[in-house]
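First comes the structure, then the notes that go with it.
Should a chain be cited, it is by its letter among A, B and C, assigned in written order, with residues numbered from 1 in that chain.
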Amino acid sequence: MAGVIEQNLAAQGIILHEPASPVANYVGFVRTGNLLFVSGQLCLDPEGNLIAKGKLGADVTVEEGNAAARGCAINLLAQVKAALGDLDKVARVVRLGGFVNSAPDFADGPKVLNGASDLMVAAFGEKGRHSRSTVGVAALPANAAVEIEGLFEVA
Amino acid sequence: MAGVIEQNLAAQGIILHEPASPVANYVGFVRTGNLLFVSGQLCLDPEGNLIAKGKLGADVTVEEGNAAARGCAINLLAQVKAALGDLDKVARVVRLGGFVNSAPDFADGPKVLNGASDLMVAAFGEKGRHSRSTVGVAALPANAAVEIEGLFEVA
Amino acid sequence: MAGVIEQNLAAQGIILHEPASPVANYVGFVRTGNLLFVSGQLCLDPEGNLIAKGKLGADVTVEEGNAAARGCAINLLAQVKAALGDLDKVARVVRLGGFVNSAPDFADGPKVLNGASDLMVAAFGEKGRHSRSTVGVAALPANAAVEIEGLFEVA
């Protein structure tokens, strides 16, 4: 049976799929003490297709980037569920590190990342408010538009 | 009454202003246990204007970038003060993550970041020495020249 | 006398040299509690020469980048040895943050970072599996092809 947070997400139409395991010598998450570090998640939908591909400021609009960041956040939560079994065990979203595939003159990274920040607060309420860094990068794996890593405190 | 570290900074002409709260679903800092994660700070002066705008290697000199990184560091300390009430509670500056808005051939990021590292040691002495990563990014929010995130150990 | 992990590395032909101290107000590592944060390491060989210089997708092949990432990983372990005295004290490799100097259309950062991930598992086995973020950046210090930062849990 899903916990309160996951039911809350389901009521908003968000279903967490089991994350694919990386096909390499790294893993989706590592817990140390009560800190859970989650690997950078690309903006993939449940079928494994990119929600947005290419660069903000060139190929991808801010609105599309915002939706992509939301997708990254959902994938972060899928990893947290795989790690803890239940999202209710999250005491706090500590940090999101957001990487936006950017043309050199793109200055609106925060509007993109808000798609992830809003999802965290939609899921966890006040416990979802996090520290955040947003930077525009030159390239991302698979030419994804957005990649986000996360740090969570476990209750 | 300001603590020893803050008096030390004031003697060097550095006054910490109350940081603006982010106008989004994230916050300036999150504490978990004795670790304080501070969000990426742009090179804004106390009036909210960018100290340096654009790219190192194109629009901004190393000297201007160094001053911008110092400004980021001051903004990190303003967040730490807001979090802890008193900078004297900092046991150690653990890590700075520095993002330098860079033209593709700019190789002097460390000289830029030294502006922040020097400020941390000016404030905290030996406790101010930190681990550091310096990278050149394609774009930053508001076209800022420098963004720096911080991690602090609380006594 | 070297510990088991270091003997294991030596049997694979990997010798850890004493890392150079940064010539600035930061340090190679900071330990807080049982977490060891290691500064971003460039792809330098033991003589201090870059293993690969320039950008993936332009000047550097994926194979060369993979070897460069392996070099960064060796330098991370040299810092860990300097910090702890013995790599056997590592309980877990928690996180690698990988920055690949990238032309704007380079999408194969993960294949580059695998050079570091594989080295961690070659050294530590299952304890070497880590969370990871891979991004393509516009520029790196000294025009290095790869920079990687690390987080380790100490036993």
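What we mean here is this: contacts are C-beta pairs under 8 Å (C-beta built on N, C-alpha and C of every residue); 3 or more make two chains touch, one makes a residue touch a chain.
Note that the structure is a prediction, hence the values are computed from the model and not measured.
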{"item": "Cα-superposition angle relating the copies subunit C and subunit B, to nearest 5°", "value": "120"}
{"item": "Interface numbering overlap (same over half, different under half) for subunit A and subunit C", "value": "different"}
{"item": "Centroid distance [mean C-alpha coordinates] between subunit C and subunit A, Å", "value": "25"}
{"item": "For subunit A, residues that touch 2 or more chains besides their own", "value": "33, 104, 137-138"}
{"item": "For the subunit B and subunit C complex, residues of the former touching the latter", "value": "33-35, 57, 92-96, 100, 102-110, 113-114, 117-118, 120-121, 128-138, 151, 153"}
{"item": "Complex interface listing, subunit A residues touching subunit C", "value": "22, 24-30, 32-33, 37-40, 55, 97, 99, 104, 137-143, 147, 149"}
